[in-house]
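Heads up, the next two complexes both have chain A, just with different partners, chain B and then chain C.
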Partner chain A sequence: MLEMWLSGFQGLLHVDVFLFVILGMAIGLIFGAIPGLGGSTAIALLMPLTYSLEPFTALALAGGVMGSVPMGGSITSILLNTPGTAPNAATCLDGHPLAQQGKAGLAIGAAGSANAIGAIIGTISVLAVLPIANDVVLLFGPPEFFLMSVFALIVVATATRGKMLRGLVTGAFGLMIAYIGYNDIAGGERFTYNIEYLWDGIHLVPALIGLFAVAQMIHLMVKGGSVAGSASAVKITKMTAGLFETFKHLGTVLRGSLIGTTVGAIPGLGGTVVAFLSYSVTAQASKNPESFGKGNVQGVIAPEAAICAHDCSALIPTLTFGIPAGAEMAVFLGLLIIHGMQPGPLMLRDHQVEIYGLIWALTASCVFASFVGLAFVRVLAKITLIDSSILVPLVLSTAFAGSYAIDMSIENVVVTGVFGVLGYLMMRYDYPRLMIVVALVLGGNIERNLHQSMLMGEGGWSIFFSRSISIFLMLSIVAVLALPLFRALFRQLKLRAVPVGSDS
Partner chain B sequence: MKRLFGTPLTDYLPALGLLVLTIIYLVTGYQYAPQARVFPVTVAWIAIVLIGLDVLSRTKTAAGAVVTRWLNPSAASHKADEQFPLRKQLIAVLWPLCFVALIVLIGFLYAVPIYVMASMYFRGRLNLLLCAVVSAAATLSIWLLFAQLLELELYPGVLFSEL
Partner chain C sequence: MQRLDVEREMTKWTRREVMVSAAVAAPAVFTSRGAHSAAAFPAKNIQFVIPYAPGGGFDIYVRVVTPVMEKYLPNKVSIVPLNVASGAGSRGVTQLYRSRPDGYTIGILNIPGMFILQQQQGSTAYDLNRFTWIGAMGEAERYFINVGAMSPIKTFAELKALSAKRPIKFSVTGPEGTAYMATKIGAQLLGLKAQLITGYKGSADYVIAAVRGDSDAVVAAVPTTLRFRRGGQLRPLISFEPHSSIPGLPDAASVGQPELENIAVERLVAAPPGVPADIVNILSTALGKALVDPVVVKWAKENDVVMKPKTPQETVAIVTTQKAFFEKWKTALSAS
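Our next item is the complex of A and B:
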């Protein structure tokens, strides 16, 4: 196997292949930064160009695109609160407050380095796990998928600390929205009110663009001025500050990467859940959780490390079972097929060099894209100084066009507008927006997998108690729910222990 | 300002708005077959309980204080933009909504330059030449990226789609 790893790596060192990785990286950075486009559009666009390429080179090009999309997305998330891709929405939560404080350089630097380290950890994990991937993924069935989705939802809800109730309210509201559309369990549509577009449900990306980009632009219009306030507020004197911050928080990077790798390998959960889960767990574990959402650099590092690690591990279900972990992987499957590679257990045997080449290309692209981000941090941070009267119309034009481009549906534009107003009202009245995103992603999963689990268990709940991973996940859910109560209890006991009149 | 349980009536509006939407959802949900409605209806009932707690946490009562302390300690009744006049906020919300209406009516290639120019000129009070240059550049970029590079047919608008 080591021989195959090295063959894959050596293949990348050929000048022509390497140039295609760089080309992919550049395209990925640009497409990642434009809301609504992302990696799936970029790969779909490049697919016809790969016909004449060798399979190895074509996969290297795709790896180049997939590796750099997260970095492109994080730049706009930090600077404009506009997530280029859905997973980058988690980066907005602390990245944009940092930009508003004039620390855009620090945030982009941290995102870039976290991306690079996350990719390296993800690659090492995937290389180690790939030979046994078939057996590991088969351990997960509908009961585990259901519990994993519930676990993710609860972890994120409990992490909106100080606002848990409002987090739960928006989570429930998000689930209600997620159940709009055709119901493939009972058949027939629900809550569509005879609107044909709603049969497919509310599309995630237009909703995200509205919730974050449009809402932020409305806020900027109300506030006036620029994102960062004044030129003197933009502190980018040390371009490497973000890099050092990442190394200062290596534990956060490791945790994010591990979450990205393990959860990313589970089909159906996707990068958005991974990013929010990593963010939430980091906030939970922090000694200073109140600082999250207000510009804590760990809130940038955690999701970014997880996203890149996830991109590597998402290859596991895609390659071994032909089950795409997301839209990007679905398009990538098409690329594999047109180059004569049939995803499945045999692919791991027959196309090892191509697979390892792809993984190396993806990692190299992640690392190079981070360097590009770091190199241009000074220029990019200037965007935060553009006056809102110029910035707002430009961002909104791109955001609405990107929303339309997802599937050329004008209704997407309307959804983006509606969610923009909803997002602004949520900002205005202090309801956390992250729960609505996670609920939108997981709502369908939860319903479908519970239904399948009940069928497996012949209508009984015993199925959840007869599988070891299910039991472990249920215990984890109980632990996560109990954690805030234990914390509150511990705080009260600590307060009682302090003598009356003491200053400490 | 009128108060209810020590809290201004307007502070209840967000939660009550959500409650109204949830009730409409719930009523609609009960029209579906039992298997189809079980999940959405359960979630809607949970939402009603949670919204009830949210309303309670907004009151200046002993029960409200308990709910706030345990579940909502740092949630504010108002946060962003509270200091700005409501009229300014309404106008800011209307700009993107008008842009959406414009896109639906006349399509991207006409709506983008009109919106960018109008927004920069009327909102930003910027130089007319600069507004024209930026709006032309924005439209050109969108056309090049979406219509030329991605080969997507940009939406022509309801008014022009039949022509």
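Our next item is the complex of A and C:
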């Protein structure tokens, strides 16, 4: 076992292989930063290039791309409120407010270092779990997926404290649009109004580009000026400031990495939910949850650590069963098969060196990308000083072009436009956007897995009570629901004890 | 509403067509050869439309075969894969159907998947019978009925005995998938009472469902079955092939149900209606040579796929057979 890890690592030390990791990293950073592109596009475009490469080198290249995409995506999320990739949408929530306060450098530094630590923790977990991956993955079936999705939805919903009703409204709206399109269970289309495009439902990435990037640009246009207000507002941060910030919040990093690793190993939820889940749990656990959404650096660290850890551990179901965790992994599966490696139970036996090489490449790329991010912090932070009359047209055209480029359909652009206006209105009237994203991702999961559970259990609910993980998840849901009640009770008791206490 | 959509699509097409034809016609004016001259074909890159997202089975076949196919074209051009996945694949089919019949746009189609899709969407934007058929990427994939390795069911006879007591639970995709059709028709031909657990996303997903015990059994294509059997996770019980590729199992011949053989997935290569025969011939020959090229043969062997060239005529015959088979079972499929 150990020598396989090492030989995977040794394989990377060849100059040509290493150069391909670096090439992959550079491409991943750029594709990650441009909304709509992302890892799946990058790997699809690179595929023909890999035909002439050794499988090991091809995987190193792919690992390089996958490792640096989150870093690229976080940069645009922080500077422009434009999630480069779907999971980075969670980074926008606090990353962009930090940029508005002139702390973009700090946020990027924190994102980068959280990324790197998350990847390292994720890698260690993967290496530890991979030998028993088969058994772990098989423990989770439709009842568990259903409950996990409900759990995630509830955690995120209860994290919007103080705006509970607004959170529920946007969550319900997200669920409504999640059911547009083809019905996986019974067949036939729903709410598509004869529009062919809607057969696949509302696509997540164009919607996200609208909700975050376009909405923010409308806001900036109305407000005028630049992202960070004035030049004097931009704090000259040292390269290492963000790094230190991450180490100050090591607990947040660990929690995020743990969430990312655990959920990544189980196919079904995906990176976007993981990022929002990690963000919400961190906000829940925080002593001053009110500071989230207004520029709390923990709101950057938590999702970024989770995304990278998730990407590492998502390799487990992808490699051992050929079940891709997201679009990026689906393309990556194609790459494996083209190079004669069939993902599945035999993958671990027949291609160990390649797998460990891939994992090392992914981690190395994540760490290098963070260094690149850190090195350019000061230059990047200047973007927040560009006047809106220049910035808005640039970002808007990139956003719409990126949205079109996803699958060359003009309807994507329309979705981005509609969600842009919607997102702006939500910002304006203070409706939380995170619920809409999570509901949109999880709506289909919840319906499908509930339906499958009921079919498995021949129409009875007892299936949920006869499986131990399922019972554990139900108890967790009860606990999460009870938490705000206890908190309120606790506060009342405290208020009664100290009558002059302030309400928060 | 429906008509309006068609009209809108038509105008869009015309506009694009004008642009494309202008671009194509311009060099033709200066060269003495006509646009349809087979001697000049191919004079520029060929676009290969894949109506599915990158990474799926159809996408992989195209990406493995086309670089080799380029070598066997008379002129040195590239074959460029283009994924048009929107609308569950209908966007890609429509685009292929409406492109210029000059051989520079070809694509891969899932048969009977496209029949099922068209029936479900009620689309009239394309007519599958009118495509120019060029060949097939590999032999048709037939199916096995499998159970998970941990299942108490050991033989097909035991499965049948269970079916007499209660419906067999099968894990499968939604009704749009070819696996759904295979499960439904297969169970009916074999006299099994079936209860379908639908909604799984692709073959790995529904096979794993059977392995971990969501369902009693699963109908999976031959390559998938062989792969998971080697991994010790699936136990095949019966083959839909005329003669089982795993020795010792009951098959279509031994259970006296030759119709099982028609349950298959075909990966057919098509061009828009009306491509001149000489150009079809060039493309078909190049495809045929690519399929027996050592590179493709090696890949096919690693992946339990059988690559066998098909002439355009043979391909048309496959479409006709599959169409008739689909028509026969269509009503049984929609009644769920």
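Here is the rule we go by: the second predicted complex is superposed on the first by the 497 of 504 C-alpha atoms of A that agree within 3 Å, B and C clash if a C-alpha of one lies under 4 Å from a C-alpha of the other, contacts with A are read in each partner's own complex, and residues count from 1 in each chain.
What we mean here is this: a residue touches a chain if its C-beta (ideal position, glycine included) is under 8 Å from a C-beta of that chain, and two chains touch if they have at least 3 such contacts.
The structure presented is a predicted model; accordingly, all values stated were derived computationally and were not measured.
Q: Identify the partner contact of A:Met221: answer first if only chain B is touched, second if only chain C is, both if each is, neither if none is.
A: Only chain B; A:Met221 stays clear of chain C.
Q: Contacts for A:Gln452 in the overlay, against chain B (first) and chain C (second): which applies, first, second, both or neither?
A: After superposition on chain A, A:Gln452 lies in contact with chain C alone.
Q: With both complexes overlaid on chain A, does A:Met408 touch chain B (first), chain C (second), both or neither?
A: So A:Met408 meets both chain B and chain C here.
Q: Touching A:Tyr182, do we find chain B (first), chain C (second), both, or neither?
A: In the superposition, A:Tyr182 touches chain C alone.
Q: Mind working out whether A:Ser365 is in touch with chain B, chain C, both or neither, as first, second, both or neither?
A: After superposition on chain A, A:Ser365 lies in contact with neither partner.
Q: Check the residue A:Thr252 against both partner chains and state whether it touches chain B (first), chain C (second), both, or neither.
A: neither
Q: Considering only the touch criterion stated at the top, classify A:Ser149 as touching first (chain B), second (chain C), both, or neither.
A: Touch status of A:Ser149: no partner.
Q: So, does A:Tyr424 touch the first partner chain B, the second partner chain C, both, or neither?
A: In the superposed model, A:Tyr424 contacts chain B only, not chain C.
Q: Quick check on the superposed pair: does A:Glu290 touch chain B, chain C, both, or neither? Answer first, second, both or neither.
A: Once the two structures are laid over each other on A, A:Glu290 reaches chain B alone.
Q: If you lay the two complexes on top of each other, which residues of chain A touch chain B in one and chain C in the other?
A: Shared contact residues on chain A: 183, 185-188, 193, 408.
Q: How about chain B: which of its residues touch chain A in the complex?
A: Its residues touching chain A are 14-15, 18, 21-22, 25, 28-29, 32-33, 35-37, 39-40, 43-44, 46-47, 50-51, 53-54, 57, 67, 70-82, 84, 88-89, 92-93, 95-97, 99-100, 103-104, 108, 112, 115-116, 119-120, 123-126, 134-135, 138, 142, 145-146, 149-150, 152-155.
Q: Chain A touches which residues of chain C in the complex?
A: That would be residues 1-2, 5, 53-56, 59-60, 63-64, 67, 83-88, 90-91, 120-121, 123, 169, 173-176, 195-202, 204-205, 208-209, 211-215, 227-228, 230-233, 298-299, 302-303, 336 of chain C.
Q: Within the complex, which stretch of chain A touches chain C?
A: By the definition above, chain A touches chain C via 40, 43-44, 47-48, 51, 137-139, 141-142, 182-189, 193-197, 199-200, 321-324, 327, 330-335, 337-338, 340, 342-346, 407-409, 411, 448, 451-452, 455-456.
Q: Residues of chain A touching chain B in their complex?
A: It comes out as residues 34, 41, 45, 161-166, 168-169, 172-173, 175-176, 179, 183, 185-188, 190-191, 193, 214, 217-219, 221-223, 290, 387-390, 392-394, 396-398, 400-401, 404-405, 408, 410, 413-414, 416-417, 420-421, 424-425, 427-431, 446-447, 450, 488.
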